[in-house]
Each structure stands twice: as C-alpha cells, then as structure tokens.
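Both complexes below contain subunit A, partnered by subunit B and then by subunit C.
So, the complex of A and B:
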C-alpha cells in the first residue's frame, strides 16, 4: 500500500501545478455570481434556479477535470519514458495503476470539496436553510460517481491509443449512460426480441449513474436519502470502480511498454 | 514584380469592394433594423419556441418540487402536468377552474411517492427512486412559488407571443406573492406584445377587481376581454370556453357588488348559454333576481 500511496502523492502534487482546476473554479464562481445577481420581478430570495445551475456547473467541471486528469496519466508516463524508472523500483504494475487511480481520485476529491464549500456558502448567503446531511450525501455520492469515471478512464487509457480518443469515447459513453441508462428498461419492453433482451442486458450491466446524482433533492430541499440506500450506492460505486480497475490492471500487466 | 503602389492600389480597391459589400449586407440584415428584436431573438430564431416549451416544463417540474416524468414516462402520466393545465386554462379535468381554484386544487398536499403504474419495475428502478424526488406540490408556505418565476420569465422572454404564460406568472405574483405591481407590469408588457388579447385583458381585469379594488377599470377591461373573445373565439370549432366563463363570472361578481343587477342578470344568462350545468346557473340567476328585489 505504501508504494500505491507514493504514486498517488506524485499525482496529487502534479495536479496542484495544473491550471484546469483554477480556470474551472473561477469560471464556475463567476457564472454563479452573474446568475445570482439576476433580478426576476423584483422578488427577493429566489434561490433554486441558482442552486440548479451551480450544481450543473460543478458536475460538468468535475467530469471534465476527472477525464482530463486520468486520461493522460499513463500515456504521458509512457511518452516521456518516466514509467521505466518508476517500474524499475520495487513497484508492480498493478500498484502503479492503483496509485494513479487514488492520486486522481484524491486530487478531484479535494477540488470538489472546494466547489461544494463555495456552493454551500452561496446557498447560505441566499438565506435558504441548508440540509447539511443531504449536502454531505451529495458530495460523497458525487465522489462515488467520479471513482467509477476515473476507473473507467484509466482502463480506457491503457486500451485506447491516445488520450483524446479515450476522452471523446468516454464522454459519449458517460453522457449516454446518464441520459439513457435509467430508461433502457422502459425502452426495452416496447421492443421485439432479440433487441429487448440485448437492451435489458445492457441495462443491467452498465453502471447506473442516477444513483449518485441527487441534485434535484438538494435543489428542492427534500429530506436526505435513506442511509441504507446511500451505503448501498457507495458499495455499488466501489464495485464498479474495482471492476474497471481490475480490467485496466489486467490489460496493463500484459502491455508492451516499449514501442 | 509589380511596383508597391500597384499593390497598394489593389488593396484599396479590394477594401472598397469589401466595404460596399458589407454595407449592402448590413442594410438588408435584421441587425440594422432598430427595434426588430433582441440579440437573442436574432441569434436563436424559431428555436426560442422550443426552448420556451422546455422552460415552461422546468417551471412545472419546480411546481412539483423536482418531480417530472421523463419523455419515456410522459405518455403514461400526461394527467400529472398541473402547471401545464394552469397554462392552458381550459384543460379537461378542471375545465371550469379559475387560477384561484387551481391553486386550491393543487395547494398544500403531503409529498407522496409516485406508485408504479405498471407494477413491473425492476429492482434497479425501485432502488433509483431513493435518489429522486417523489411526487409533491409546492406547499405554498413562505412564498415558495417565487421559485417558478425565473423559468416563467425566461419562457416569456424566449417566446413573448405564447400568451398563456403571462396569466400564470401574473397569477402567482399577485395571489401568492402579493406583488401586484409586477403582475400588472407583466400583463401590460404582454399586451404590448399581443395587443388586445382576451386572456391578458381578463387577467388584468381580475387584478383591478380583486387587488386594486378599482371596479370601473375592471369593468372596462373585462368588457373589452369579452368583446375580444366574441370576436376571435366564438366562431371557432373549439372555442376557449373556460376563459369565457371566467370573464363572465368576474363580470357577474363585479356587477353584483356594484348593485348593477340588470347587467349582472344579462351576464348570468350569457353564462348559462355556454354552461355545462344550466341548472346550477339558474340558481345564480334566481339569487341575483332576489337581491334585485330587495
């Protein structure tokens, strides 16, 4: 585990130097402030549209950051040939791979914490009583979603030829799963065989990102998610990220590093 | 190689040609016409109408506290769209409802979880419901309805000719949020975009009757609304009977309050002509006659 966290620490230090977070953070805060200053019929205390837009921006920023960070980790190491001295140390390939995963996830978690903190402050400023357990769940479930995305992206980075193709393909897949995934079963029941069985199989195999997205509950001040469901969703996220990591490790273990 | 002065001459000729072309294009483009529309109108064209529909469904979703059926559920759950019902003003289930009645009909109700209509939901879909808002309405406490306003305002800005959006926004403004001045301002801006529209005149008339307590202006506006309805709607195969009845109900109430019983009777008889329940209207007529005799 020591080796894994040593690799993770390197990724974390590298992420401080990158400008992605700062640019996206400033952009999100700026858009939030502009939206917050809009006037609708001179009515004070309108807050939900602001919460909705802010959370959407946070989700987009986090998705972009996690894809951009994790997609280039291994290809960059290979390209600059820094992977060889690293693997020459007593670090196995799967430890290297896991280290990259945890490094990406920790750095995104910290960035996301800052985003959610600003979001909380923005909400409190608008006099909406904040449901702190729900906000905590929203943050942790979001981290669960990002763990799956980072696992998927790291696995993609050892399968696809270039980071750009990996990011493009995964963006399409993630958006597809987000918008169509929850409805595949409803679509399947209207289809004839064998399309129905294929769609149902896809429905049960794909990760369901709707379990991690409780933005509507936050926006409309609903009560927190039952804790058992919250726990199950986290286990679900762990299972899927572990699955993608295993696939990534298996591919990476047999991969030729020298071209 | 040609001398530099020829190059300069060529460059100037090209610049002159390009300038005259751009000038000609600008003179005929919508950008040059002052007051022809905002930048959004010019840039987005007719796609604004689609966006306007999306924004109104967003307001509906807010009215249901985040619950909104997806396009895959909508066919089965069309009857859940309460804000759309309020917008249309003449829906099937609440055909004779005024916005006030609609608020009563849809106001404080305990949040409930939507039961599965098919009963065939799989375990993933059932589990997913823990992370989505259940079916609920705004509770009307603390002016929660103000949260609808951004979407309604944007929907109106996207398509100012969708006349049915104005009364919805004005209704929430003047009744739940007691912001009569803004409601009036919105309706007047609607009338500027859609001159003499009976729906806007009706809402403005009701505002003058209920909130401003100025019966003369209210009468003028409601009579104008009735006239406009008779001109535009009466000859249609499917006229907007709901609004017609709302105009007449307001006029009957106004004339009764002002003790103008002859006028009240005239409107009550007109109402009876279109009423789905003429017997109930007969009772109203008798009530007016009794008041007149007193």
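So, the complex of A and C:
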C-alpha cells in the first residue's frame, strides 16, 4: 500500500499545483457565497430554494471535477510518457491504477469538504438549524457516489484514449443513470417481452446513484438517515467502485505500452 | 557459474497493427547475456529492435516467444525490476515536481527505508551535480539538467544494473562528458550498465562488450577490443559495414 499511496500523493500534488483545478472550485464557492448572501424578505421558502440550488451546484461541480481529474490521469501519463520510468520500477499496474484512484478520490474529497463547509456556514448564516449528522451523511454519501464515478472514469480512460471522449460518454451515462435509472423498473413493467427483461436486467446491473443523494433531506431539514441504511449505501458504493476498478485493472494489465 | 545479471533467451517480439492482420517482427530470436560488472553497449540503427528489446526487459511489452531475465527473474515479474535503474531517452518525468520530490517519490516506490531516503537523495543529487537546483521544479530546468535529474532517479535505489536508453542524446559536450564520467564511476563500483547509444565513439571508449542488431536480428556480439582487432577497423566502421551502409562518392 505504501507504493499505492505514493502515487496517490503525486496525483494530489498535481491537482493543487494545476491552476485549472482552482477555476471551477473558486467559481462554485463564489457563486454559493453570492447566492447565500442574498436575502429576500427573510422568506423561509427562498432560503430552502437557495440551499437546493447551492447543493445542485456542489453536485455538478464535484461531478465535473471528478470526471476531469480522473479521465486525464492515465492518458496523460501515456502521452507525456511519465508512465515509463514509473512502471520500470518494482510496481505492478494494478498498484499504479489503485494509486490513481485514491489520488483522484482524495483530491476530490478535499475539494468537496470545502464545498460542504461553505454550505454549512451559509446555512448557519441564514439562521437555519444545521443538522450536523445529516450534513456528515450527505458529505460521505456524496463521496461514495464520486468513488463510483472515479472508478468508472478510470476504467473508461484505459479503453478510450482521448479524455474528452471518455468524459462526454460518461457524462451522458451518469446523467442517464441519475435521471432514468430509478424509473427503469416502472417503465419495464409496462413493456412487452423481451424489452421488459432487458430493461429489468439493466435496472439491476446499473449503480443506483439515488441511494447517495440525500439533498432533499438536507434542504427540508429532515432528521438523519438511519445509520444502518447509511452503512448499506456505503457498502454499495464500495462494491461498485471495486467492480469498476477490477475491470479497469484487467484491461490495463493486458495493454501493451510502447514507447 | 553465477547467474547473469541480464539474460535474453531466444526472444521474439511481434507487433500486430490495429488496422491490418499482418504482424511486424521487431526482434527475431535474440539471445544475449550480460554478466555482473560489465558495461554493455546495445547498438543498431533506428528500427533495429533495440527499443523493443528494452520494452521487454522493463516489462512494458510481453515477449511473443522466448523470455528475458533480470537477475534470474523473468521480466514479467514485478520483482525483477527491484535492483535496476532505468534512464529513458527523453526526460519523461513529472515536471511539476522538484528533483527532491521526484526522488522522494521514486524512493517510496522502491520501498527504501524512510530513515535512509533523505541521505540517498543527497548522495545522488550531489553525484549528478544538481545540488543548487534541488528545490526547483523540473519544468524550469534546461535539457541537460533534466537529463541529470533522470540519471538521479535511475540511481536512487543504488541499482546493481542500469539500463540507459541513449543517455547522451541531445546533450551538449559537457553534459555528455558528465554522463560518461558517471557511467565510468559506476563501472568502478562494479555496477552493470546496459545501454543503447548512437554515439559509437563513446561506446567504444566506455563499453566492455557490444551487440549490434539490424532488422531485429543480432549480427555481432563481442568484446570491443576483439571486434576492432577482428575487423581491423574502429567500431563506427564495423557498425556501418554490418548495417550494410555503402558510402557514396561525393558528387562535388
């Protein structure tokens, strides 16, 4: 694991030394702060609307940052050829792949932590009660969702050489899963065979991102999710991340690297 | 008899292009052996199969048939790379890092004891003459300095075998001399050096033995002194003769 974390550390270092990483980050925080500072007649409904919009902004920014960070990791290593002196050392390809995963995930976790901290401060400024256990659950479940996205994106990056095509395809897939995934079963029962079986199979195979999304609970100040359900969602995220990592590792392991 | 440091056994490397069913043979039945303490020159014109052989030695490409071994371990095993240092032809490093950070990173990859890492970094940075620039990002370095940073990373684990891919390519005469001095000092320490180069004068000066490849096949292998005696010419002329180069008379 020492080697895996050494690679993860390099990804982290690269993330904070790259200027483009900050652009989206600063923009999102700035937009959140501006939105949060607006006050419309102390109307409670508007405060909830602002919370909802801020959380949506955080979700979108974190998704774009995760995709942009993880999609370029392996293609850039190949293109700049930094992969050669590294893999000429006693490190296996799966350790390299895992290092990239943890590096992306750690850097996104840090960015997401700042996002949620700003969001919490904005909520407190609006005299809204902040349910800290729920905020913690929202943050950790969001990280679970991003772990699946990063795993999927890294696996995609060893298949699609160009990061732009990987990002575009995954954005469509993730948005499709997010908006259609939860309704597939309902659509399936209205269909004839074999479409019904195919849709049901897809429903059970795809990761259900709605398990990680408790934004509504945060917006409407609900109590925290039962801890057993929270734990199950995390295990679900780990299982899907591991699945995508294994697929990525298997493909990458058999790839020929030519200088 | 001791195990050779590097052994290539009947190696064949073929590449299948994506758009055609035909495969291109890069290396044909190559067999080589390099013993401990030798400086071995691996020569050949462009496309001769040197890089493909090195790709197999470093585990980037699996052999189509045959095998390659480092310290008796098949190069497909990760552990085969524990005692080697590799310097690529060009400076393929994380340029957002400083040399010190790059070396610390590679030292962790080699699982060097954390108490020894800083001491080892100091030693190699001083050896390659980058002490004054150790805290500067590699992207601010000149080509020669980047190559020296590359040499430092190749030496961080105090390797028993160094694989150098055209180590002096693109360097000025001072840079070349510095690299040559380092190779000679490593030779004195009893390290094995396996390197490819187009600088035949340099190879003749530094190497104990050479192998010349052409079109994927091993044409000649032997001690530099024996070859020059046998052919009655210097290494550059032997090389040109083997690759079939016929000098044309000048039209002027």
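In this text, the second predicted complex is superposed on the first by the 243 of 259 C-alpha atoms of A that agree within 3 Å, B and C clash if a C-alpha of one lies under 4 Å from a C-alpha of the other, contacts with A are read in each partner's own complex, and residues count from 1 in each chain.
Quick note on the criterion: contacts are C-beta pairs under 8 Å (C-beta built on N, C-alpha and C of every residue); 3 or more make two chains touch, one makes a residue touch a chain.
Computed from a predicted model, the values in this text were never measured in an experiment.
*Asks:* Touch check for A:88: first (subunit B), second (subunit C), both, or neither?
*Replies:* Touch partner of A:88: subunit C, not subunit B.
*Asks:* Touching A:256 in the superposition: subunit B (first), subunit C (second), both, neither?
*Replies:* A:256 sits against subunit C, while subunit B stays out of touch.
*Asks:* On subunit A, which partner touches more residues: subunit B or subunit C?
*Replies:* B
*Asks:* Once chain A of both complexes is superposed, is A:80 in touch with subunit B (first), subunit C (second), both, or neither?
*Replies:* A:80 sits against subunit C, while subunit B stays out of touch.
*Asks:* Who does A:187 touch here: subunit B (first), subunit C (second), both, or neither?
*Replies:* The first partner, subunit B, only.
*Asks:* Name the contact category of A:233: first (subunit B only), second (subunit C only), both, or neither.
*Replies:* It touches subunit B, and subunit C stays clear.
*Asks:* Between subunit B (first) and subunit C (second), which, if any, makes contact with A:10: first, second, both or neither?
*Replies:* second
*Asks:* Subunit A residues touched by both subunit B and subunit C?
*Replies:* none
*Asks:* Using the touch definition up top, name the residues of subunit C that touch subunit A in the complex.
*Replies:* So the residues of subunit C in touch with subunit A come to 15, 51, 55, 58-62, 78-82, 84, 86-90, 92-94, 96-97, 101, 105-106, 108-111, 150, 153-154, 157, 163.
*Asks:* Give every residue of subunit A touching subunit B within the complex, in rising order.
*Replies:* Against subunit B, subunit A makes touches at 38, 40-43, 45-49, 141, 182-183, 185-187, 189, 203-204, 208, 210-214, 216-217, 219-220, 222, 225-226, 229, 232-233.
*Asks:* Name, in rising order, each residue of subunit A that touches subunit C in their complex.
*Replies:* Going by the criterion above, the answer is residues 2-3, 6-7, 9-10, 13-14, 17-18, 80-92, 256-259.
*Asks:* Spell out the residues on subunit B that touch subunit A in their complex, using ranges where they run on.
*Replies:* 62, 65-66, 70, 72-73, 111, 120, 122, 124-125, 127-128, 130-133, 143, 146-147, 149-151, 153, 169, 173, 177, 179, 182, 186
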